[in-house]
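Read from first to last, the chains carry the letters A, B and C; within each, the first residue is number 1.
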Amino acid sequence: MAKTNPGRFFEDYTVGEVIRHAVPRTVSGGERALYHALYPARHALYSSDEFARACGLPSAPLDDLAAFHVVFGKTVPDISLNALANLGYAEGRWLLPVYPGDTLRSESEVIGLKQNSNGKSGVVYVRTRGLNQRDECVMEYVRWVMVRKRDLEAPAPETVIPELNKVIPAEQLAVPAGLDFSNYDFTLAGEPHRWGDYEAGETIDHVDGVTIEEAEHMMATRLWQNTAKVHFDNTARPDGTRLIYGGHVISLARTLSFNGLGNAQMIVGLNGGAHANPCLSGMTVRAWSEVLDKADTNAPGVGAIRLRLVAAKGGAPFELKGEDGKYLPDVLLDLDYWALMPK
Amino acid sequence: MAKTNPGRFFEDYTVGEVIRHAVPRTVSGGERALYHALYPARHALYSSDEFARACGLPSAPLDDLAAFHVVFGKTVPDISLNALANLGYAEGRWLLPVYPGDTLRSESEVIGLKQNSNGKSGVVYVRTRGLNQRDECVMEYVRWVMVRKRDLEAPAPETVIPELNKVIPAEQLAVPAGLDFSNYDFTLAGEPHRWGDYEAGETIDHVDGVTIEEAEHMMATRLWQNTAKVHFDNTARPDGTRLIYGGHVISLARTLSFNGLGNAQMIVGLNGGAHANPCLSGMTVRAWSEVLDKADTNAPGVGAIRLRLVAAKGGAPFELKGEDGKYLPDVLLDLDYWALMPK
Amino acid sequence: MAKTNPGRFFEDYTVGEVIRHAVPRTVSGGERALYHALYPARHALYSSDEFARACGLPSAPLDDLAAFHVVFGKTVPDISLNALANLGYAEGRWLLPVYPGDTLRSESEVIGLKQNSNGKSGVVYVRTRGLNQRDECVMEYVRWVMVRKRDLEAPAPETVIPELNKVIPAEQLAVPAGLDFSNYDFTLAGEPHRWGDYEAGETIDHVDGVTIEEAEHMMATRLWQNTAKVHFDNTARPDGTRLIYGGHVISLARTLSFNGLGNAQMIVGLNGGAHANPCLSGMTVRAWSEVLDKADTNAPGVGAIRLRLVAAKGGAPFELKGEDGKYLPDVLLDLDYWALMPK
C-alpha cells in the first residue's frame, strides 16, 4: 500500500463534501518576525502592539496575508497538488484578527465542479475556512483551480458553478470588534493620507522595487506549509526554474503598497485575483494600485477602501492589459481587495 | 597571548574528562518559526499547541532535531573545529521535550580515544548531553570524529574504544511523560497510516525534493551556533564551495519523510548515522525510508518504529550501496532512528 | 496629489526641528532568533535568559545592534532616502536594554546643517533617539549624511556644525541597572579572557569569515524596516548590484569578533564609524579588532573596553589605511565602540 499522498484528482471531488485539511499551526512572534524579514512590511497596526492598542485591538495581529497564507497552505495537499492552474479567488473575508498564540486549521467545502470539454481535467471550486483554536472562523475565501483527472474514463460529474459575488458588498465586510481609528496617529503610521483623501479612479505608483531570491520565496512558502513541488524542486519543471508561490507575490505587492497606501491598514475582503504571469527568482517586482471604490463602516473613524493591486516585473505603471484584453507579459498579479483606513 | 579559539587537537583530549560547552541558548517561538521556514516541517505535534495538548503534552515542543542541532552546535568549537571527518553517531536518546522558553547548554564526556596508525590524527569519542535550565538532560548521543594532531610528536594515548549499542533497545527509549495517542486525530495529522500499517522491510519513497540554497543552510547552521568554517566561508575549502552542515541534510530528509511517515511524530532514538557524501548548495535532495523494526511502548496508543532514513541528490530510491559495499555517490545520508507513532 | 514618500531634501531640514519617525515596532523572540540566524551571534548574555539572570538582568536582551538597527531603520525614510553618503556616527549610547515585548520608535533632532560648496547638496546632522513604550530613551546616536537638494536655487541655510565628542567619556556610559559580573561564568561564556587580560594597543584577528548572500542581507535589512532602495532593487544602481546596508556589515563584524572578544558582552557606546568601501553579496567578510582604551565602571565586576572593529573583504589583518591616509580598498568598516566586560 503506497503511503505517500498522490493528491486528489478531479474525479475525487464531490459537491458538498467538506475536507478537513491537515497540520494545524500555532503562530507566534516568530512568524511575525519572519513575515517582516521576507517582505517590506510596514503597516503600523501589524508592527506595534502599542499602535494596535491605540486602535482598540488587544495587540498587533499577525499580518492579514500571513493568516491567509497559513490557511491557504493547508489546502494545497488536498486541493492543488495536481492543479494545472490556479484560476481565481472570490468572496474572501477576514473575520477575526489572528494573534500570536492562536492555532489555525483549515477546512474546504467543494461548492462547484465542471469538467473541461477535453475530458482530461476540470475546474474545482472550494470555499475554504480558516478556524482558530476556539473553532471561530478567522477567514474564508473561494478559490477555483483546474485539476487533472487520474482516470480519463471517469464520468463527468454534474456541472455545478457557484454564484459568486464579483465584489463583496461593503456591508458584509467584518470590522474587528473594538477597532477605532478616532485617535489614529498618522505620523507614527507613516503617511498623512486619510480615507477622504482617496478618490475612486485614482492610481498610485508605489515606486519601490524588490528583486526576489530563491531562498526567500522558498522560506516563505515553507513557513506556510505549502507543499506544491514546483516551488521547491528545480527538477519539477522542464526549464529548471522554481515557480514562485502566487501568495509570495501578493505579499510583496501589498507590502510595497505601503508607499502611498500606508494607512490602508487591515485587509478585510478579497474580491478577486489573478496570477497573470509566472514569477521567478531574479525578477524585480514593483506595484501600483487603483482606487476602485470607497464605503463607510460603523466603526469609529474607520472607512473601507476597495483597491486594485497590480504587481509587475517591468513595463510602465498603470499598464495592465493589451488590446487583446490579455494581461501584458510583465504583469504578475491583479488583485481586488477591501481594506480599512482611518477617516 | 592569542585570544582566539584554535580548537582542540587530538592530544588535547583525555578519556573521562567532561567538557562544558559554551553559549547556552534560550529558545522561543522564533526558533520554531525558523525551523518551519528552513525545512518543510509538517509533523502536527510540533506545529500545533492544540494538537500537542490533545496528545497529552503541555504545548508543542521544539522539533526534536532542532533541539539536537542546538545541543550539537555548542560542541563544535570544542570537538570538531579541527575534525577531518565526522565518523558516526550512536546511542542518541531524546529524554525530555524542549519547549519555547527553555535554555539549553551542552556537555561532552570523552569516552574513547584511538590514534590513527599514520600518527597524524586520531579518533575521539564523546558522549554529549544537552541540559535544560533545571539541569535535566533533554538528550544525549555519542559521536566520534577524526581530529588532527597539533604536535605529531605527541605520544599516542592508550587506546580506549567504547562499547556502543548498534541499536538502542526499545525498552531504553524515553517516552515523554503524559504522551497519549489514544485520541490521535489522523485527519489533522495528515495521514491515515498507523503503527500497525507499517511492516519491517517496507520501503517508502518520500517523493518530494528540495533544491538547497546557500542562504538557507547558512541561516540554519548559524541559528544552531555551529561555528565550523567550512559551512560559511567560501575560501575555507580549495574548490570554493561551502560544505553543508550534515544536520541540515538530516532535517531536510526527516521533514521530507512526512510524506509517507507523517505519523512518525517524535524522534526518540538515534541508533547511527553516516554522512555518505558531501552536500552542496544547488543539489536537489530527496529522501526514502525503510522500516527496520517495530516495538511496543507502555504509553497509551504509542508504538515505536525503527526507521532507516536515506537522503540522496539523485539516483533511484532504495539504492544505497554499490557492489563494493560503499555508498553510492548520490547518497548523502544514511540515518537509523526510532520514532513514536500512534497505534 | 502624489501620495508616495519622495523623502526629504537638504532644504527641507531646519536646525532644532524634531522628526518623529514612523512605524513603531514590537520585538519578540522572533527578532532574536532571526538575528542569530543572520549573524554568527554567540555572546552569551544575548543568547541565554539564564546567563543574563546570573548577570543581574531580568532576561536576555535583544542584541544591542539589533536594537540599533530597529531604531536606525525608522529614520531612513525621513533622513537618508535621498542621501548621497552616510558620513559618520558619533556619541552613540545604549541607555537601556531592549527586551522581547518592548515596542520601539524613533525621533531625530536636526542638530546641524552645512550646504556643500557645489550648491547641490549638503550635510545634515541628526541626533536620533530610540524610545520604548514607556517613552524611555533606550539609545541615542548622532549621524550625519550628505543629502541632495531638490531645488538647487533654494538658499543655503546658516551653517551649524555641532560639537561632538570624538570619544564618549567612560563616565558617560550607561551600565544597565543591576548588571553584575561578579559571578560571571567564563566557561559558559566561551572564553577565559577577562578585562584585565586586554591591553590598549593589542590587536586581535578574529580569524573566521562569512560569505554573504543577497537573501541574507535583504532579510536583515527588511527586518529593520530600512527602506533604502539600493539594498533591495537591482535596478536602482547602474551596475545592477545591491548595496548591502552598512549595519549588516557592523553586525557581521561584531558577531565575528566573538572569537577573541567573546566577553565583550554589552555594547554601550559608539564613538564613531565609517563605511570605508561598499559591501556586496559574494564577498567574504573577516574582522579584526584593536583595543583602544579601558576604563573602570561602578558596577560590580564590570569593566569598559574601547575597541576599534574593522571588517574587510580581503587583505591582511591589521591593515587599515594606505600611505595616502585613505582606507585600503578591502576595508569595509572602521568602527570605534565601548563594550562592557567582566573584570
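Quick note on the criterion: a contact is a pair of C-beta atoms (placed from the backbone, for glycine too) under 8 Å apart; a residue touches a chain by one contact, two chains touch by 3 or more.
To keep track of the chains, here are their UniProt names: A, B, C = MaoC family dehydratase.
A quick note: this is a predicted structure, and the numbers were derived from the prediction, not measured.
In terms of which chains touch, the assembly is arranged so that all chains touch all other chains.
Of all residue numbers used where chain A meets chain C, under half belong to both copies. The two sides are thus made of different residues. Between the CA-based centres of chain A and chain C the separation comes to 36 Å, rounded to the whole angstrom.
For chain C, the set of residues that touch two or more other chains comprises 28-31, 33-34, 100, 213-215. Across the interface of their complex, chain A is touched by residues 28-34, 36-42, 44, 47-51, 59-60, 100, 187-191, 193, 197, 204-211, 213-216, 259-262, 284 of chain B.
Chain B meets chain C in the complex at residues 1, 3-5, 20, 22-31, 33-34, 77, 100-101, 103, 105, 133, 213-215, 218-220, 222-223, 225, 227, 229, 232-236, 242.
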